[in-house]
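Each of the next two complexes has chain A plus one other chain: chain B in the first, chain C in the second.
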Partner chain A sequence: MRKASVRSCCRILLIFLSLLSLMACAHGNLDETFVSAPYVRERWLPYLVDGKTERNEIIQRLGEPSSKFQSGTILGYRLILVEEGRDISEEEYRIILVNLETAYLNRYFGWVDERRKLLSEKGTLLIVKEQNKEEKLLEILSREAEYSLVLVFDDQDILTTNSLRRIMP
Partner chain B sequence: MIRRSAAISFLIILLLSGCAETRLQTVDDSILQQQLALLEDGKTTKQDILLKFGIPSSQFEGEKILTYRLRFNQKENRFEVVSREVDRRDPRFAEWMQTEYNLVLVFDEKHILQKHSMLRINP
Partner chain C sequence: MKILLAFLLILFSSACVVIPTPEHRDHGRVPCDDEKTAFMVKDTTTKEEILLKLGEPDLVLNQERTFVYRWEMVAAYFFVGGYGAGAGGPIQRSHFLIIEFDDNNIVSRHEVRESVFTSRTPPVETLKSPQQSSGTMPPASPKPSS
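And then the complex of A and B:
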């Protein structure tokens, strides 16, 4: 009788310890490696070299900018990190939202980290402009990260200085 | 007996008031000044500002007036530009719904900052 009660106590203790270790595993930190500005610059924008890269080359590679300042001597690109080559459907957007809710509310970021890793391999930086804002709304809302790229050119149309800032967590 | 229950009640109220404390994410004036030290009327250029803050949230009168919607990131101790398109159901923006600031910058025809103001717009 006593043996049985000791055994059941051990079982309860074991279950308790397993649950405790599971809870400990479930609390993690987001991996920022693949969405950090330095990584994104190296992965997608390695051709931006101050004093060297020409304006034409940048426009050929990135397309028309999101905004222009000072008669075009400063160009601004709004860039979002998204899955490449397809439009996101309402259903896919809902699934992304549910996955994000699960991840952020439970503080378990496995799905987010995996998405970031996949985007670093197969993702793309999409340029958001006034003209495509409506059409790409679901892509914009489901973006994993957003950046602001500002490029300053000299009178020879050579890049003089630039900055890439991440503007979304 | 009465003294004892009064002491217990006092302790409970004390504990409850501790729980009820709310943290408003506003920024001290000194931090605000430190963060905006870059902005000097008559000196700072539009280029400096664009390189520091990125593309503005909106612009008026061509590019004479630029505005930025900002929030203060306490973890990194700096202002960040708030994304324009946000789904309120998205948990990544839960914190972003708190205090925001609107930085308004006015430039002259040589693209030099003429005047600026920082307004708290929420809550």
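And then the complex of A and C:
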């Protein structure tokens, strides 16, 4: 009788421990590789070279900046990482939002990691400006990451310093 | 009598709990906290350095004389429970880093303000220093020229 109860206790303990290890497996850390500033710079902005790249080339590639400072010697670009080449539908937006919410709530980031990997292959950096804020609202709200690119030019319009900061999330 | 009893039971079995926590980030902008702004020195740091280290500000005022950076931290969690239903969530606290520059684009003042349990940006007037509020500064421009 006693032996049987010890055995059942052991069984319960074993089940409990396996459940615990399963939970530990399910709770992962977010993979930041594909959204880190160094990766994004190398993937989408390799042409930014201090002392070499010209202002015109940057504007040609990126478009008009989100903001200008000190009479235009400093340009600011607010960039968001989104799916390339198409506007997302409301349904897609809702799916992204639900998946993101679920991932952060349950601390299981499988879906987020997969999206980040996919964006690294097929995504793009979209410039957010006053002019396109409304038009690109769904893209802005469902962005995977947001960056601030600041470019400083000399009086010859050559890039002297630049910095790319991830500001969100 | 039974209905009244049931009503009283429902009324008194509902509850609201607020659990304060150490401030931590959930979503949203990367905080411009002490660690990130340690490089900032009054009368020394330039606007260029600020932009390169902190990125574009969320608000630009007074013809680029004032920058405002805003971020949110979770300060507590609330839980509301009633008969057969319940809800809960984080309570956010907004933070504002306000930086002012002099005529030579050098930092002349900086401070962090917290807005308790509200995500609303404080009125522009309250972000200005006393000198600015007295009308010695140029008028506010909500966005940098683009």
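Heads up, the rule we're going with is that the second predicted complex is superposed on the first by the 151 of 169 C-alpha atoms of A that agree within 3 Å, B and C clash if a C-alpha of one lies under 4 Å from a C-alpha of the other, contacts with A are read in each partner's own complex, and residues count from 1 in each chain.
The rule is simple: a contact is a pair of C-beta atoms (placed from the backbone, for glycine too) under 8 Å apart; a residue touches a chain by one contact, two chains touch by 3 or more.
Please read these numbers as outputs of a predicted model, since none were measured by experiment.
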Clash or fit (per the criteria above) of chain B with chain C on chain A: clash
Which superposed partner A:Ser148 touches (first chain B, second chain C, both, neither): both
Chain B versus chain C as contact partner of A:Glu130, first or second or both or neither: second
Touching partner for A:Tyr104 - first (chain B), second (chain C), both, neither: both
Partner chain in contact with A:Glu64 - chain B first, chain C second, else both or neither: second
Chain A positions touched by chain B in one structure and by chain C in the second: 66-67, 69-70, 74, 76, 78, 104, 148, 150, 152, 161-163, 165, 167-169
Footprint of chain A on chain B - complex, ascending: 46-47, 50-55, 59, 63, 80-83, 85-87, 89-92, 94, 111
Complex contacts: residues of chain C adjacent to chain A: 26-30, 47-48, 51-56, 60, 64, 105, 143-146
Residues of chain A that touch chain B when the two form their complex: 66-67, 69-70, 74, 76-78, 97, 100-101, 103-105, 133, 137, 140-141, 146, 148-150, 152, 161-163, 165, 167-169
Contact footprint of chain C on chain A as seen in their complex: 64-70, 74, 76, 78, 104, 129-130, 147-148, 150, 152, 161-163, 165-169
